[in-house]
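By letter and in written order, the chains are A, B, C and D; residue numbering begins at 1 in each of them.
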Amino acid sequence: MKAYLKSIVEYNDNRLSRGFAFFIQFLIVLSVITFSLETLPSLEPRTKVVLQSIEIFCVVVFTLEYLARIYVADQKLRFIFSFFGIIDLLAILPFYLSFGVDLRSLRVLRMFRLFRLLKLVRYNRAMRHFSKAMLLAKEQIILFMAITLVLIYFAAVGIYYFENEAQPEHFSSIFDSLWWSIVTLTTVGYGDVYPITVGGRIFTFFILLIGLGIVAIPTGIISSSLTKVVESKGELE
Amino acid sequence: MKAYLKSIVEYNDNRLSRGFAFFIQFLIVLSVITFSLETLPSLEPRTKVVLQSIEIFCVVVFTLEYLARIYVADQKLRFIFSFFGIIDLLAILPFYLSFGVDLRSLRVLRMFRLFRLLKLVRYNRAMRHFSKAMLLAKEQIILFMAITLVLIYFAAVGIYYFENEAQPEHFSSIFDSLWWSIVTLTTVGYGDVYPITVGGRIFTFFILLIGLGIVAIPTGIISSSLTKVVESKGELE
Amino acid sequence: MKAYLKSIVEYNDNRLSRGFAFFIQFLIVLSVITFSLETLPSLEPRTKVVLQSIEIFCVVVFTLEYLARIYVADQKLRFIFSFFGIIDLLAILPFYLSFGVDLRSLRVLRMFRLFRLLKLVRYNRAMRHFSKAMLLAKEQIILFMAITLVLIYFAAVGIYYFENEAQPEHFSSIFDSLWWSIVTLTTVGYGDVYPITVGGRIFTFFILLIGLGIVAIPTGIISSSLTKVVESKGELE
Amino acid sequence: MKAYLKSIVEYNDNRLSRGFAFFIQFLIVLSVITFSLETLPSLEPRTKVVLQSIEIFCVVVFTLEYLARIYVADQKLRFIFSFFGIIDLLAILPFYLSFGVDLRSLRVLRMFRLFRLLKLVRYNRAMRHFSKAMLLAKEQIILFMAITLVLIYFAAVGIYYFENEAQPEHFSSIFDSLWWSIVTLTTVGYGDVYPITVGGRIFTFFILLIGLGIVAIPTGIISSSLTKVVESKGELE
């Protein structure tokens, strides 16, 4: 019995285990759609009941899946404290905790339901590649994130000195200026804050010329690390 | 007779077939320009008549071309259901269907006239390269599109929790927040919606640092796949 | 005498010719700065006189340089109709033509003074690398520019059908929609026009996911072509 | 004694020197946070006193560190005029100068306190990689910065001629137009200035198609130079 359940749950290449994996993935996506629909401001009571029923069904299945995984695991404690064990627990915990708490905390708890999305990593090849790539390049990403942060801070201080007097409402402190430097150096440029003084504009010019190259580095590292993982997938899997 | 027509239509290296190909390309571009001009809000009746005459002429030629291609094809049914056979049909079908329908559906039908642009693929080398590149990297593009979609959804949920109370008109549900996360993570940044709370801004900062690298991946895959196709064009063509 | 002049003008490795080249470059930059200053809306008459004097001095030197280059050229006609010969002529022609024309055309003529900037190509290594790179990748750039144009047109037609009814003032015809699709697909995103319907936003999402990869291709081609030129500069120069 | 101090200050691999390095880094970050907090518009007097005390403490430690470094240096003058010697001096100088000057100059002096951030370069591997990469590619970066500047100027002149008459308040001179061309070619696109004439929009289209490729070149050079430095770190360090 345990061996049979293990063959289904731990994804070997038979038809039943594939069906099971597909079913769980379907429930994850369904659960996420339900979660999104619940945020719609004007929902009819009937729709709410339907959404809650789907939610309860998903949680029951996820709980059974979690218990089954513990049951079939050779080292039970090791599974519970593994990456996927914790994710599986976080995916159901918010539902059970919501019975014992007041309404204010409920809001935060509901947000944690999103951890279910991470359950997809187990089944999705792209996600697996991606998490491997992040691990491979971890040290480099941290190192160059540091440079990016220093540059963003530098830009914020500079623009603060140029624009603070001209636009005290937008550049009231370095923390406000940081918002500008993030939005500008990533080239998002919402247009809610921008320099208006000549000095501030010339400073923006130089910061952009240098900064674009620097902000692009972590991006480049993630991309090249992913390419390596995808190309060597035969060896790693 | 049939062999002669075949030599013209199916693009062998004689002068007449080149002239024919050039003529069809010219009509495609002319037809697209006509299509654009028809959308101008204040057109004189005389201009309308001229534009419609050009449209009728183009459709007649495209129809004759389509019939000729069926006539010269060795396996007629195979051509009709091939990629180019369907494109050729879609390029003329909206015109003929427009006689039998009421005005409301006409609007959608006219839009389908744009499929003519895809007829250019047959004649344009860059387009052929591009469609080959997309086929080559199909699996990878789908895999990483999935990651991109998950990230965009993640960003939308996060910003919803931070900004929903402060700006209920812009972040009324997760579906509204999705618009923000698309516009931000592609760095378009129209400036119609942006976070105003401190939490939302810090969240935006981290999402941008991580997200830019991820959204850039499908872009990188298409680019590198195209480079491969262009470099090996001697072998593939 | 002619050989001596030739050694100065045609840039051999002696001190005098280097001084001459530096002097001409200095005048080009000076002339461009003068040109910029003249556009300032509220100039004092005295400043205007100074700027005009500098302009006359520059033109006189450029004219003498042009005549000297013709004089020392072995094949005079070939120089006159060469790339640099035409640029040298265009750099001084607007000044002489401005005597014989009325004030309205003057505006356009003054703009042509900017061609002087192209004179820098002769002296600037980066510029030479860049024009070589453009020539190397000419065919590829044209091919993928075509794809980019088709995509931009496609996006414009799509958004026209989604947004025309909701925002007739911003998306009045396909030509207006083209402005939107250029600003969006290059991720500039000024925020003057953006979709507001649900259909338009979903369409924008898909166009951005596909489009960013395509618009980045000509950029990538220019960059990689430049890298090749810079790396092989020993062989080419 | 001197040898012992030297072993701590000049970062050899013993526990005490690592602790010293960590302590200095901690003070740099603390000093920068203090600096940011001081810019908050409404601070209580008590908070100000705390912030100033931290500042004085940091300066005292940095001064002792500076003196210790001079003391242990074999060639004292060489250290004083080295890159890190100057940075260390600039990190403390603003504090001492602020006693002898009036309030107006104080503002600028305080800004120079930010030079402390550069002290991190000594301790941070990513920063060292980065400054090496900049030195390696120095010549290329300068060359292509020149092209970028010419292109930005070109775009500014073009848009000035198209938009000056239609929007004299935004495009009053070439210097105002330069702001537009910087914001557009880096794809930041705040939306404070944008072309409204048909000519200006078509010009923007072509400038964007060509310009994005060119502005991306210095970015690409910095990235590829950094990759080289990181990959060959074993050899260089």
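We take it that a contact is a pair of C-beta atoms (placed from the backbone, for glycine too) under 8 Å apart; a residue touches a chain by one contact, two chains touch by 3 or more.
As the structure is a prediction and not an experimental result, all values here were calculated from the model.
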Going through A-C, B-D or C-D one by one, find the pair whose contacts repeat those of A-D for over half of the pairs by residue number. C-D
Copies chain A and chain B - rotation angle from C-alpha fit, nearest 5 degrees: 90
Rounded to the nearest Å, the gap separating the Cα centres of chain B and chain C is 31
How big is the gap, in whole Å, between where the Cα atoms of chain A centre and where those of chain C centre? 43
Contacts with 2+ other chains: residues of chain C: 187-191, 220
Specify the contact topology among the chains shown, as one of line, ring, star, complete or other. complete
Touch list for chain C against partner chain A, complex: 187, 189-191
So in the complex, the part of chain A that touches chain D is made up of which residues? 140, 143-144, 146-147, 150, 153-154, 157, 160-161, 164, 168, 172-175, 184, 187-191, 194, 201, 204-205, 208-209, 212-214, 216-217, 220, 224
Where on chain C does chain D make contact in their complex? 32, 35-36, 39-41, 107, 111, 114, 117, 120, 124-127, 129-130, 145, 148, 179, 182-183, 186-192, 215, 218-223, 226-227, 230
